[in-house]
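Note that subunit A is present in both complexes that follow, paired respectively with subunit B and with subunit C.
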Partner chain A sequence: MSQPDVLNQAFELGFTYTRSTGPVIGRFFTELRNRNIVGIKASDGRVVVPPMEYDPDTAEELSEFVEVGQQGEIVSFAWVKEPREAHPMDVPFAWAMIKLDGADVPMVHCIAAANESAVATGARVQVVWADETIGYITDIRCFELL
Partner chain B sequence: MKDIAIVAYQQSDGVSDAGAVNEVELIMPVLDRTFEQARLDSAQDVDFVCSGSCDYLQGAAFAFVAGVDALGAVPPIKESHVEMDAAWALYESILKIRMGHADSALIYGFGKSSPGELPIVLSQQLDPYYLAPQWVDSISLAAMQARLMLDQGLITERDMAEVVSRSRRNARSNPHAQLAGDVSPEDVLAQETYLSPLRKADCCPVSDGASAVVIATVEKAKEWGLPYAIISGIDHRIETHNLGMRDLTDSVSTRTAAEHAGMHDGKVDVAELYAPFSHQEIILTRALGLGEETSINPSGGVLAGNLMMASGLSRIGEVFNRIVSGEAQRGVAHTTSGPCLQHNLVTVLEKA
Partner chain C sequence: MSEEQEVVTVVKSPIYLKYNFTAGAAPARFLAQLKKGKLTGQRRAEPGAPVYSPPRGSCPASGRPTEQEVELSDKATVQSFTIVYIPIPGNAIEPPFVVANLVADGANISFIHLMSECDNADVHIGQRVQAIWKPEEEWDYSMDNIRYFKPIDEPDVPVEKIGKLSVTGQED
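Moving on, here comes the complex of A and B:
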């Protein structure tokens, strides 16, 4: 008796739908793809980058976009001596809260630096763009010290 | 409104790697001891069961359902689950009793964090567009919070080392502690930085384990003839997911929760604070306005062992232990969730 044929079906584990990022996050990502950075004005006028859909204090829907700079200042940082496999760099680097010029609220991203002593609170940094921008937060590959 | 009391609390030993022991096997011995303490035969003897765990730790959707195997759910029981620390399962159980749908409840939490890379697993609880794709780990976020405090002169590295030293010392009398011993602040400061400005000792360890609590109306607790502590207040508050918009040097949500839980209505003899990082214990102590008269983390807190999804419930249990033993008249238990103390629950317990 011959071996019965094994039933076979290709299967890819993943979501079978795409999700719209909406008018606020979508706008931010579209701008990133074009190598621009935009924030949004919160209820109290503070410029929030990356933009939020709603004000966390008043719950007001936000819509007033503001273009911000591609340089900024380190508000705080953590020095990663031993990067993890999932981390964006495989050499020591810093995670940082960076307040971009024209923004009032810092954003979290990574900084490429030669060593820990090169990084300091208050130091100036600028965006390094990915070779190809596709509308992801990782279009900003990292920041580098000025 | 019926007063609600805690009548039993048990926790497993915190271990860095439970090996081949699975989640159900972590939970079952704790439940056995809890039933024994509450003089119950099984989960059939309470009106409601609620658990807290995180499917991301097991890496499978609905993994928590397997935890129910630890109960023996036949004949059927009334059961619920929160994808949160089990302290929030206790909160849900209180609501269930307040609504008149139950007079007693069993609450348990469990986590086996060792198989994964916990700080990276926790990165996936962050903003799914702006942060999770960057895989920002939980320790790095806490390190940035600590640096903000150091830069602003709100704490010193020595203050942080003193928190670690006291935790290790207190943990010597906690049989379930994972890290305990005589460690001086100087010993801590002599360590090199791990994720600067944090040293390894500033960070809670990765632990596997479970804990459980039984609560009941005071009438039921009396009927059972068990020693109990009354839950006089409970409240939880959350802050925005945007870390940049929070004052990370303070815990506004903890303060608000404590006010609404009535913490300030009397003296606080003991406080168990869920501070996974040394500087966060200082933030919480200040937000709660605790002073010299309060014994803080007599169990050693989570720096001595951090059972993900159970340690918050254990904080409540530890205060319960201090009250029924007569060491304290009144205490506060704090639980946290999310990055840099984003979401906080405060429970006030009092002697009967």
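Moving on, here comes the complex of A and C:
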């Protein structure tokens, strides 16, 4: 059998999901749309951001929302030298665990910074809101260093 | 919380997987033959070896290469089928439509294709069908050269013989 030339084809497979948020994440996103960040109080008094539906220790349903600050502290970070298409920024940036003022656990988000050496554990950061908020995590465009 | 706007209950979170598919030697050969309007399979060069279509280049049972090409008929038998009622994003076909596992005469495993020009309620296992091809000038390296399969006026194939017909179909 003689073989033809190599056959190569670009494919795109799309899963066009719409997901239900549930009441707790729904509230979180609704607050983001209003440029507020809320967490939820767990049974041991810790404020968890983003809010979770059930207590991590007792599994009880949680409902006490707490507004937290729009500034916080970098707990840890990873510098992304070559952003990929799915990343929130098209220039080098940091993924970071950020503990917002009033929160007891950090949440992950991105930090805009000129270069890696500008970012440090313990550094203070502040929310940069998207021009238009829609009720999604990307309403926080990024955090910037203070 | 502002009451002016509705509470968020859903978010859109699509996932897109972008990749290049490179056909290996056996699928490339299969596609090259399709471009000429021929359905083919491959088997180990042994008497009675099963014919796989589309071929992947090796026999899944023995792991050995399927070096012999076999030309198949464009007549086939319905091995199983499903009626699709839910529209698929990006798919131009209007539901309800029939997707079937079909075994071409001369092959021993099924491939998936559309059935049309049929009453969906009449589609059944063992039903005989034949390929409706696109015009020859539109043929490409694609299974889409066959628009769909259409029922033909031939007796049903008994379940135990589905996937075991020779290239001449029910004649033997």
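By definition in this document, the second predicted complex is superposed on the first by the 126 of 146 C-alpha atoms of A that agree within 3 Å, B and C clash if a C-alpha of one lies under 4 Å from a C-alpha of the other, contacts with A are read in each partner's own complex, and residues count from 1 in each chain.
Following the convention adopted for this analysis, contacts are C-beta pairs under 8 Å (C-beta built on N, C-alpha and C of every residue); 3 or more make two chains touch, one makes a residue touch a chain.
Source: prediction; values computed, not measured.
Asker: By the touch definition at the top of the document, which applies to A:16: first (subunit B), second (subunit C), both, or neither?
Answerer: In the superposition, A:16 touches subunit C alone.
Asker: A:8 in the overlay: touching subunit B, subunit C, both, or neither? Say first, second, both or neither.
Answerer: second
Asker: With both complexes overlaid on chain A, does A:59 touch subunit B (first), subunit C (second), both or neither?
Answerer: A:59 sits against neither subunit B nor subunit C.
Asker: So, does A:30 touch the first partner subunit B, the second partner subunit C, both, or neither?
Answerer: second
Asker: Is A:136 touching the first partner subunit B, the second partner subunit C, both, or neither of them?
Answerer: both
Asker: Would you please give the residues of subunit A that touch subunit B in one complex and also touch subunit C in the other complex?
Answerer: 21, 29, 136
Asker: Sort out for me which residues of subunit A touch subunit B in the complex.
Answerer: That would be residues 21, 25, 29, 42, 48, 50, 52, 56, 75-81, 84-88, 95-97, 105-110, 116, 121, 136-138 of subunit A.
Asker: Sort out for me which residues of subunit C touch subunit A in the complex.
Answerer: Touch residues, subunit C against subunit A: 1-2, 5, 7-23, 25, 27-29, 31-32, 67, 69, 89-90, 141.
Asker: What residues on subunit B touch subunit A, complex-wise?
Answerer: Touching subunit A from subunit B are residues 117, 119-120, 123, 129-131, 133-137, 139-141, 143-145, 147-148, 151, 193-198, 239-240, 242-245.
Asker: Taking the touch rule as given, give the residues of subunit A at its contact with subunit C in the complex, in rising order.
Answerer: Checking each residue of subunit A against subunit C gives 1, 3-21, 26-27, 29-31, 33-34, 36, 135-136.
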